[in-house]
């Protein structure tokens, strides 16, 4: 027995959903979806739960993470109820439900809060830099130090607890009975999905989209590795140097293509974007671009006289690490991979 | 006896020839020496074959014709017309039904079907041999139509008939016109209210000199037949003189001590024994409800227009045709059907609409503000256990429209539609779309597993197993439960039984042919319009009332009618006038007359309907029905039992 | 049951009415509700206008049974049809008795305009009755 | 302008020449008709059999066959053993006409 | 250009389908002179091509033909075939001038005896549009066996002008010298009864119509079930197999904003149910499954008919078909969500019928000069005063009947035609007063 809550769709709207109520439950979206199957019939189920406001059912669902938003459901929806957009919104909704700090929800729901957060961080970086008298060497040193510690703490303090919360919502609370060995056996699934996002391939239209994604993920991760662990800005090894250049070029060119796509609004995916999507791609682009320029300035020996360039890079980096990675769209990549993992666990569960 | 009969056996494109060996039928019938020509044809009704028949009959001077094809209800008229075009009197044409009654009925037995078809055609030939040319009775048709019921359908057809040039008697049983639509506010598709629509039609009708309106009026007697129908109308008094002084009237209503539930508002409000339906209704004159009036005389003291001396009046009118637009009744749920009358916040859709009419900025029922409304569809329609198997057609759209109206009128209102499959057909679909977008929630139950309304403490809970959520059990706490009651036929069928209008499976008036003749009835001269024929929305009622007006008018337009000559005939030699036939005739068509000093019966041709009820009671077998004479029937019997 | 009884289906004459029972019988055909092809129909305007004379003629000329598909209360000529049809059936059965015929060879039932299934049921059971009673 | 009755087609042809596609359609129909009839002369066949033997898609075979049936050249035979496909055969009285 | 002939009538009825015909008959019976302009070669519109009608299961041809022949022989009715009203001018009240263009038939109807010798002689075979392309017809042809008028016509576009038809015609009624005719029709009122178009399923590529041969439209099935059917029985067009598992895809092109038609077509549920019943009758071993969103069985006797079909064994599954794919053997896989179970499923059928919707046929609105004939949001003719005078358009003196106003079934069309003739009568009487 479940009590209907008609107000829930209003809440979902703040996460970007719209026209969900127009659904007349024909099931066309589920039928055209190339990723849905008998055990995971979506998106209509999610649409229905949303309309009825069955929050508990939504929170225990993994379906929103199984969708890669090819947009077929929305383009063929007879009622123009935008099921694809709803799935996207549900991912944002779930992200904020997983997040123990509550920041995700605030940032998703309010553009002004997001902007204020970005500005505050920028001011903080400049204030910090001024306390160091804009000394390039010190800045680079602390910058690198920040990178190292940020990655660790974000994972440890925010993302890890959130993943535990997600596990709690979808596995423990609904009493899915999973053996310990299943956790180990399915672990490979997690790794594969995390690095390849191979499920997108199931979407009929998106061979190129998947390829772009793959390149981006590889480029992004390796740039991270190059700057943080290989200390790209301080290295003398020409191999690392060129590697870093290549990676940043790849990141900003692929994100550039993404942005153009969003501006042209051609594909369904890009038709209705949420600010958080924009922050994600713009910052990714800026990261690649600014890292590239900083290294270029170092190589041209003009960074010392143009330390503002490094400050821009550092600001972008801090914003990325403090907002987008723990609370923004970046987490989707993590939750999605885990969702695949939990899904596998569910299928292995003893009922 | 005829000698040159033409017989046509139809394949009906296989419908007949797949089971009946039509060639054999033809060959068998050819053996009859009176059969001059016999043919088979793919489609007897096709234009080319009709042409051929005309040529055959005319050129070969046939004196009788038989077509063996489908049911005479389909094509008897077609082929009698063919006969007439060829110059053969249509009563020398006989139709043999070898499809419905042979090929289709016995598609399991081709030999039997063929044999039966042969006998049927032989009987038809036997009958046509003994048929005579007949000419129709021509009677003058009165250029007047009685329209029964002054709801939208009645008003509209009255206007149409008057504008076409007929005299119209508009007879309304209630004291106010407008029927059900007067009880509704905003109407779907237009921006007007029910009252405004009625006002528009009423003004148009009252401004036409050809229309006479009677309110509080009922037809109590009926005689005659199409073209010349005599009706006796009883007009109940309003007990109110015309030309009222508004102020005094208002006071009269004020002082009346009697308070009764107001039927116009489906009993959600009360009224006095002297009452209006609503301010500005038509005719704009209150009425005293004598059923509840205590005759205390208070009203008389303050208003000089009250007149208790008025009595029933009786009026005889003559019309050429009658148009029935008697409408429907809303289904009245049984006690405890979805909590009706047992749970205090359960109302019907008509009551809900009146409630919305009376509540301005807050929807309040029984002192409690309403935020969540549960609509339960198909109450009294599509019944699994009950009698009403039909769909009431209008209610899905009406409910959604009412829900949208309420949602827009009141803040923070939530609508929950517990339905069995929404049927917003045609353009009404956009309303369904609109309501969904406004946030209305639709829940669908299995047909045999309706939602349950129950009381939990002081809360009313509606529970459903929702098809749309994979049969999950869901519940809503409702402040108001609206039972979407369908249309049922008028409980009081007095006019129907008076005019002998047959009713269909659903008990609504039955049309003569569901597809192509939807406003005509088996009773010549009587047409049916609006929801009296079956559930309809306003536009459909309008279409049907206009169509019915056209059919009624075309009967009388020419000023003359041709009536069927197949009536009773008295054998003057044998009749001894015992009066039994007169007793048996329901139409008073037989009277005593004196012929050469002998008392015999005589038939009034324009009144006799040719039923034959007088025949079996005649002790001297002195009555025959033209077209069904002893000779014809007995020879048909002989043909049916004959063995080759 | 003897073999010849099975082979020979009794002949039944149905007096049916144009507006009420004819449509039902037609619909039985439309719905392919089968009944024996030895059931024949003669249409009259109203079931209360059937003469005993005709019934006797039919039974004497070789029909095994006569079935009156009566209008019942649906009769377009008025509800008196019910009584009148009943009376004429009663009177005719009396006549049959006098003539030494089985009065049950005449049967009547009201067949409304959509009563296709009842009609088929009636003629089938009548056929069975006549089959068992003959010889 | 008087054109002799019975020869009006020729008159029209002079004024409005026939389109190439129309002539090609005629050629195609005549050809298909011939090979279908030839195949059926060898024995009754079902649509899939004809399709396989003549290497013409099934829908095209059915369409042409049904047209030929309508024009009175072919008729339906028995059902195959699986009650799925009908055999088609050359109509007896259809042989002499073309 | 030859000089235009001038004709005078009381009423011009555009469209000779069941609505136009009914309106014309009503008016003619009241002694008005009526001209019916029909763009096809025969009367009866879409109805005459149907198999049977719901819920009475009367044979559609059987009940249409008497009506049609009544129209064609009414002394007050003139019918012009292959004709279109190209321009309609309202000059003043009760004064319209219509330019009617008539294409030649190349056959003199009066002389044709429908002997079919020309058909036999014609060497050309082209797609028969009356049979929905399921078989061919000749270029010299009688439109269909119950056509009214039953007279031959020449399909000039596909004719090779071989002259064979002319040579065999016993009455010499074929005449290739015929040319286009133009008429000026002076009339007092106009009734528009131009009917509807069927939805073109090619607009939904994921249903595979056109690509998969065993996916057909409901109109093609209607023809297969009709007494004048193109095949000897029900066959699937891909390879002539007798189908034993047939699926109906409801709401193909209706209630679907993604193809630009948000409204319900009102008839598809019922005709699909009817076809289901007929199929179970003619193929007793066959399974019929109807995939639906909501069953709209709202009219008189409809719900009972729907219940009856369930009792007969027609299966109803709630769920819209997402897409259709073809298997090697021509069978089709339908993917849908079974709503009642909430699960996506795939089902195999050997034939699929797309229950295509009713679309507007708005061409006529362009013919009106000056004040144009207003259309509603869906392209149907706008009803000016829908609740009080449903047959009125925005132009006084122009009335509308039948499916030109929106989707509707046969009785509703008849009622609507009744309304149109009623309003026309009132309008004409105003002229004479």
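Quick notes on this one:
Here the chain labels run A, B, C, D and E in written order, and each chain numbers its own residues starting at 1.
The working rule: a residue touches a chain if its C-beta (ideal position, glycine included) is under 8 Å from a C-beta of that chain, and two chains touch if they have at least 3 such contacts.
Computed from a predicted structure; not experimentally measured.
The chain occupying the central position, as judged from C-alpha centroids, is E. Chain centres here are means of the Cα atoms, and by that rule the chain farthest away from chain A is C. Between the Cα centres of chain A and chain B there is a gap of 66 Å.
With each centre defined as the average position of its C-alpha atoms, the distance from chain C to chain D rounds to 54 Å.
Mean C-alpha positions place chain D and chain E at a centre distance of 28 Å.
For chain C, residues touching at least two other chains, in rising order: 30, 32. For chain D, no residue reaches two or more other chains under the stated contact definition. For chain B, the set of residues touching two or more other chains reads 422, 433, 468-470, 504-505.
Residues 11, 13, 19-20, 22-23, 25-30, 32-38, 40-46, 48-54, 57-58, 61-63, 74-81, 84, 88, 91, 113-114 of chain C touch chain B in their complex. Per the touch definition, chain D reaches chain E in the complex via residues 1, 3, 5-13, 18-19, 22-23, 25-26, 29-30, 33, 46-48, 51, 57-59, 61-67, 69-72, 76, 79, 83-86, 97. Those residues of chain E that touch chain A in the shared complex are 206, 251, 255-258, 293, 319-323, 335-339, 342-345. By the touch criterion given at the top, residues 12-15, 42-43, 45-48, 50, 70, 74-75, 77-78, 81, 85, 156, 160, 163-165, 187, 189-190, 192, 197, 200-201, 382, 389-391, 393, 421-430, 433, 467-471, 504-506, 508, 513-519, 533-534, 538-540, 542-544, 546-551, 553-554, 557 of chain B touch chain E in their complex. Across the complex, chain E meets chain B through its residues 26, 29-31, 53, 55-56, 58-59, 61-63, 65-70, 72-73, 113-114, 145-146, 148-150, 227-228, 255, 262-266, 294-304, 307, 318, 339-343, 376, 378, 383, 386-391, 406-408, 410-412, 414-419, 421-423, 425-426, 429.
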